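Both of the next two complexes hold chain A, though its partner changes from chain B to chain C.
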Partner chain A sequence: MILRIARKELTEMARDGRLRWATGIVVSLLLAALAAGWTRYRDVQALTVAAQASARQHWLAQPPRNAHAAAHYGVYAFKPALPLSFVDRGVDPYVGVFAWLEAHKQNDFKYRPAQDGSAVERFGTWTAAAVLQLLVPLVIVMAAFPTFAGEREQGTLGQLLAAGVRTRDLLLGKALGIAAALGTLLVPVALLGAVALALGSEVAALGDTWARVGVLALSYLLYFTVFVAVALAVSARARTARGALVGLLAFWSLNAFLVPRGVTDLARRAHPVPSALEVNLAMERALSATGDGSDARALQDSVLRAHHVSTIDSLPFNFRGLTLERGEEHSYHVFDRTYSALDAAFRSQDRVEHALSALSPLVAVRALSMGLAGTDYPQHRHFAEAAERYRRMLVRTMNGAVSSYAPAGPASAMSSDSTLWASIPPFEYDAPTVAWVLGRYGWALGVLALWAAAAGALALLLARGGSPLARERVR
Partner chain B sequence: MTSILEARRLTKRFGEVVALDDLALSIPAGDVFCLLGANGAGKTTTINLFLGFLAPTAGQALVGGLDVAEHPLETKRHLAYIPETVMLYRHLTSLENLDYFASLATGRAFEEDELRAHLATAGLPEDAMARRVGTHSKGMRQKVGIAIALAKGASALLFDEPTSGLDPKASNEFSGLLAMLRERGAAVLMATHDLFRAKESGTHVGIMRRGRLVQTLGTADIGHVDLERLYLDHMRD
Partner chain C sequence: MTDAGIETPTARTVGSLRRVFAFEWRLLRAERAWGVVALLALAVGFAAAHGRSWTAFQQRAILDARAEESARLVALARTLDSVSRDTSTVAPWGDPRYPYTAAQVQARRYAILPPAPLAPLAVGQSDLFPSYFRVGLTSRETFLVNDETVNPAHLAAGPFDLSFVVVLLYPLVVLALGYNLLSAEREAGTLPLLLSQPVALRTVLLGKVALRAAAVVAIAVGLTLGGALVAGVSLGAPGALAAAGAWVAITVAYGLFWLALALLVNVYGGSSATNALALVGTWLAFAVLVPALLNLGVTTLHPAPSRVELMQATREASNAASAKGSAALGVYFQDHPELMRGGTPDVGDFATQTVATAEMVTRAVQPVTQRFEVEIDAQQRLVDRWQWLSPALVTQLALTDLAGTETGRYRDFQRQVDRYSDTLRAFYVPRITRRARFGVADVSAVPAFRYAPPRPRQSGMVATVVLLAGAGLLTWVALRRARRVTAAMA
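Coming up: the complex of A and B.
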């Protein structure tokens, strides 16, 4: 019986011209977003690989020179895009994808289209994730708003109940019908995406990619379930189809815009984060605060005493290497303090967001989507920390080389060659695994599952109590 | 003879308003009982109570001996409901509508031949069967509704103003359909304003006023003119 109802809903939806247009447009947008995301991913991936290789080439090809000069020459670190990033670009356009690693400085990431682009670019970052998060729910609303309310208005609901149909069967049949329609539209698109992924992934990473795809599919499935259930619940109680549509559009805009926007603003207000400019100025001040020379003199005195010599030229190593390394260590403290304070503020903001995500399933699915695509802020930090570790290793090695130079002598003697450059391994980055992501976003899956269960229960409850009469009237 | 539709002290109040007051009614197989009365007399309320769309304030509505309030699904197996305009899915054809409602009501699948036979019995023209009902006239929709009742094998039919808005020819065809349903042993309860059709096709008429059934009589015992005079007498304050 449920199948019979589902089949009739499908037939009706297929014959509804407006719905055909709306779904056609949404599916086209989804395909276009996927195609654009995919070509972009391929281009960026190719560029990244080429740029990383050429940066390495330049590093190795340095002429013999002072190791500290080499540290200033530096290398570039590129964040490798995960294949799934073509579905969701996340924060990448805002935080950048590569950094110049050099002595003394922890540089900001570069290539931030959101910063460099024109105003149009802000709308240009239209990804598959946006279609899935905003437009597919709109299609669900359009398909589901008349299910009960429209039949009540037309009088067919009375006809059905007079035929002895259980409201529960009716609800499940209608839910199944909408699910089947959505499946018909989205499954082929998802398969297409999966083929693209399989073609674009390195074989070694495929296992992790599929795990991410699986969780991503589950997340969106739960998200759509919420919408189908809420739409059926509202339709089951609304007196008219119009009323159901208005109510559902209100829910849609609350979910899509008002709550997420409000949550972000609230989190910012509760845990303010200084602007990038303020942070950089504060760091500059902290870094230059050392330069009064008294520390350097104290260091020199203690080193000379320890080695029982009276001048730095008599030391068994080049003293400059040591001062450079000490300078670096001081800057590490400043960087670490600044970034851990920033991260703590971001984490506090996240906690506010988690708490308020109960108000809008979009907040949860957005977090999951970015996390699984590898384009969220935590994974950006994960990469930035790996790059910083590499930078410190590189600078430390170079400073060590400076220390090994003759304590005194001509500048031409204080030089290293390609053996030193080659002793630095190429920068390699292991992106976090799906388990790492789930550890951070388990809450979001939980929130979505709760939403789906609660909305389903509400729909069952309201459908059971719904009267076939538009209003109880006396005649 | 056991009655298929029965009302026992059936009462429905909406707040202060008494829509139906202490109705007693018994309709055996083969009877066509016509409820007459002004708008608001309680005719549609009676039908909604038999359908279980409304819960009675007091008393019982019984279908096939079962209390509607206690057995909402079982009692509907016997019932067919045909409102003034039979509500169907406009994007589906007559056959698809019939197939949908009949298979949901009976829980079994139907062959197309069987569905066509029911539509033909209900008098739907052959060329209208595979057409979407969005373009159907009121009379054609009614025929699809009756075909649903036939496919379901309903033993009790509830009509709510079936002839209002029908042209004289369709109205006449409706009389023929009622006779056919009677012969098949169905019990019919019909709310109507159509005194002529009630006298012509009914076996009994009941006159309602402000929720009360004020008089019941057999149509064989009274002429057209007398029925109209009697009705108007009851409507006078």
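Coming up: the complex of A and C.
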């Protein structure tokens, strides 16, 4: 019975001109978005790999010089593009693309790509994620709004029920019909995307990428299920098809536009962050707090006492290396405090948003989608922290080299060469695993599952009793 | 009616028009259409409060910057005074009597872009582009980084400000008022009844549309004034009242455009559901699809070079410059013979060397920075030309223009800061190369940044006229079509 109902729904949908047009448009937009995202990913990836290689080359090609001068010269870290970023660009346009790793300073990532764009960029970038999050639900609404309400208007609903069709079967059949229609549209596109992914990314990284793809597919599946269930529930409840449609469109715009924008502002005001100026000034003040030299004098005295010598020139090592390293360690505290405070504020803001995903499943699927594509802010921070660890390793090695110089002597003798530069391994970054991502976004999967379950239950409830449908049965 | 009791056609039309108007008013009230309007009012309040808090946040940062600068300059004067008497009070590398040190540390100046009066109404690009820079002697590629601390996820989602309410939500309200203005009568079976009366379909339509148009105008005025009130816009500020007037005009024109579209769709006679879908589809196309596809096209035709590329060019240029070492300095003095006149510069001087290297690097990366300028300008021109494809885009651009938060204002500001940076260099570099000493008198002689507002672009007026023309055209087509519908029905 369920299958027969599903087949009838499919046939009806296939005959609906409106729906044919809409799905045609949506599928071509999806394909265009995938193609554009794919070329962008390839370009960015090629550029980043080349830049990282040339940064390494610059580092290795340094002339013999003081190791501290080399630390000042530093290297650059470039944010790599993850393969799935072609599906969802996430916050990529709004975070910097590279950072200078140099002595004394933890530089922030510079140049948000959106700053080199025009105002239309802010209307939203065209990605597959946008199509899946905004347009596919609209197609579902179009397909599902008349399912019950339309039959009720035409009077066929009463006939069906009088013929002994169970409401549960009716509901499942209609849901299956819509799901089948969606599947025939989206599965080929998804397969196409998967082929592109397999052809274009490195084999080594593929294992984790496939896991990400799997969870991503599951997330969107849940999201669509929510919409199908909500649409059926509203259609079962509404008196007329028009009423069902208006209600569903209201839900759609609330979900897609009002809540996602509204939550960000609530979050910002619930957990305000200091301005960039405040942050920078506080950091400068904290860094120069020990610049008066009293600490340096105390350090010198204690080191001289420990080695039972009277001047730094008679120490078994170069004292400058030690003061540099101490200075670095002091700055680590300042940087860690500043950046982790900012990070914590952003994370509290994110938590406010997460709470409000109870109002809009889009908030949950958006977070999941960005997280799995590797384009969310936490993964940007993950990269920034890896770069910072590399910087600290590099600067510490350079300071160690300075310590190994002769305690006294001409400046020309205090110099290192390419063996030291080559002793620094190239910067390599391992993106977090899918388990790491799920640790952060498990809640979103839960929210989506809850939404799907609640909407499904509601649909069943409304289709069965206490609804105009039940009255239909009485009549 | 005339005295003789005979109705002239015009008088009769006006009379029926008035009756349609009155009936529709009662119907709309009964339909609880005002619930939608109340929701909109809620959104306006929320958006305006957000705009207010965001602008206050920015203004606080600007005040902090000014306070920090003046405190620093006072401290600098004090240091200069004390160091002239006792040199041991400062560490040699922090001695502000060296013009280079003063320029880079204690005497750095802020270049500030003040927010426009209507800024709280449209966040626009103000969360993406910095509105102040701390300008030292470093090259422009390095000082151009002063990003505000905003959660990147919020930048990606976009702000909930009044311009968002106007551009995206307000059309939905207009469509809710008008999507079934004819189809509802048809579905209720009252349309044939209505047309059997001695009244033309056009008159009925005009009456229905006129009532809704009045509502659109009222909503636009209320939305702007209420928003401005909640957002704390001071309408007394110079230019504020004119800008607010233009804001109302654009909002009215934009609302009328959507109403005319609803009318047209109704006249083409689908069911209410079809009308709703067609209208929401159009809304989605104008508000999301066309801008996104335009962005795709613009960035494909004129891709901005990657910043990664610029960074590499800078790195290579500075490698080359420092490899050349004193040769770079020689080149520099060939270009600036006037600096030699003050005396023979010390070639080994660190500050002179740095300034020379920086200039060399700036010149070397000029082709790349030029490409940025060219491509971004080309993008902007394309957007300006093709914005007419989407009334939503036209409205958004015009509104942010009025609020002073559009891309162009920030680019203009950055160019002014670039010029200011040149002025600062022209002030400091001769002092550095001549090894002059920076004194107390110099503190107030350092040129300050003065923001020169660009000429108003009048884009609000153009947008209003174009939107009204669009609305007029759609209405005209709809009414022409309505005549044929009536004929067919008769």
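Note that the second predicted complex is superposed on the first by the 454 of 475 C-alpha atoms of A that agree within 3 Å, B and C clash if a C-alpha of one lies under 4 Å from a C-alpha of the other, contacts with A are read in each partner's own complex, and residues count from 1 in each chain.
One rule holds in what follows: a residue touches a chain if its C-beta (ideal position, glycine included) is under 8 Å from a C-beta of that chain, and two chains touch if they have at least 3 such contacts.
Note that the coordinates shown come from a computational prediction; the quantities given were computed from them, not determined experimentally.
After overlaying the two complexes on the shared chain, residue contacts for A:195 are found with neither chain B nor chain C.
By the touch criterion stated above, A:58 is placed in contact with chain C alone, chain B being left untouched.
Once the two complexes are laid over each other on the shared chain, residue contacts for A:406 go to neither chain B nor chain C. Once the two complexes are laid over each other on the shared chain, residue contacts for A:162 go to chain B alone; chain C is not touched. In the superposed pair of complexes, A:16 makes contact with chain B only, with no contact to chain C.
Once the two complexes are overlaid on the shared chain, A:268 sits against chain C while remaining clear of chain B. Of the two partner chains placed around the shared chain by superposition, chain B is the only one that A:5 touches, whereas chain C remains out of contact.
In the superposition on chain A, A:298 makes contact with neither chain B nor chain C.
Between chain B and chain C, C touches the greater number of residues of chain A. With the contact threshold set out at the top, not one residue of chain A is in contact with chain B in one structure and with chain C in the other. Interface residues of chain A, counted against chain B in their complex, comprise 1, 4-5, 8, 11-12, 15-16, 154-156, 158-166, 467-469, 472, 474-475. Within the complex, the chain C residues that touch chain A are 43, 46, 50, 53, 57-58, 60-61, 64-65, 68, 91, 124-125, 128-130, 132, 145-160, 164, 168-169, 172, 176, 180, 187, 271-274, 276-277, 280-281, 284, 287-289, 291-296, 298-300, 304, 306-309, 311-312, 315-316, 319, 372, 376, 379-380, 382-383, 393, 396-397, 400, 406-407. Within the complex, the chain B residues that touch chain A are 14, 17, 19, 39-45, 48, 51-54, 73, 76-77, 79-81, 83, 85-89, 91-92, 96, 100-101, 103-105, 107, 148, 152, 158. Interface residues of chain A facing chain C in the complex, by the touch rule stated above, are 18, 22, 29, 32, 36, 44, 47-48, 51, 54-55, 58, 76, 78, 90-91, 93-98, 108, 110-126, 130, 134-135, 138, 142, 145-146, 241-242, 245-246, 249, 253, 257-258, 260-262, 264-265, 267-269, 272-279, 281, 291, 293, 342, 346, 349-350, 353, 370, 376-377, 380.
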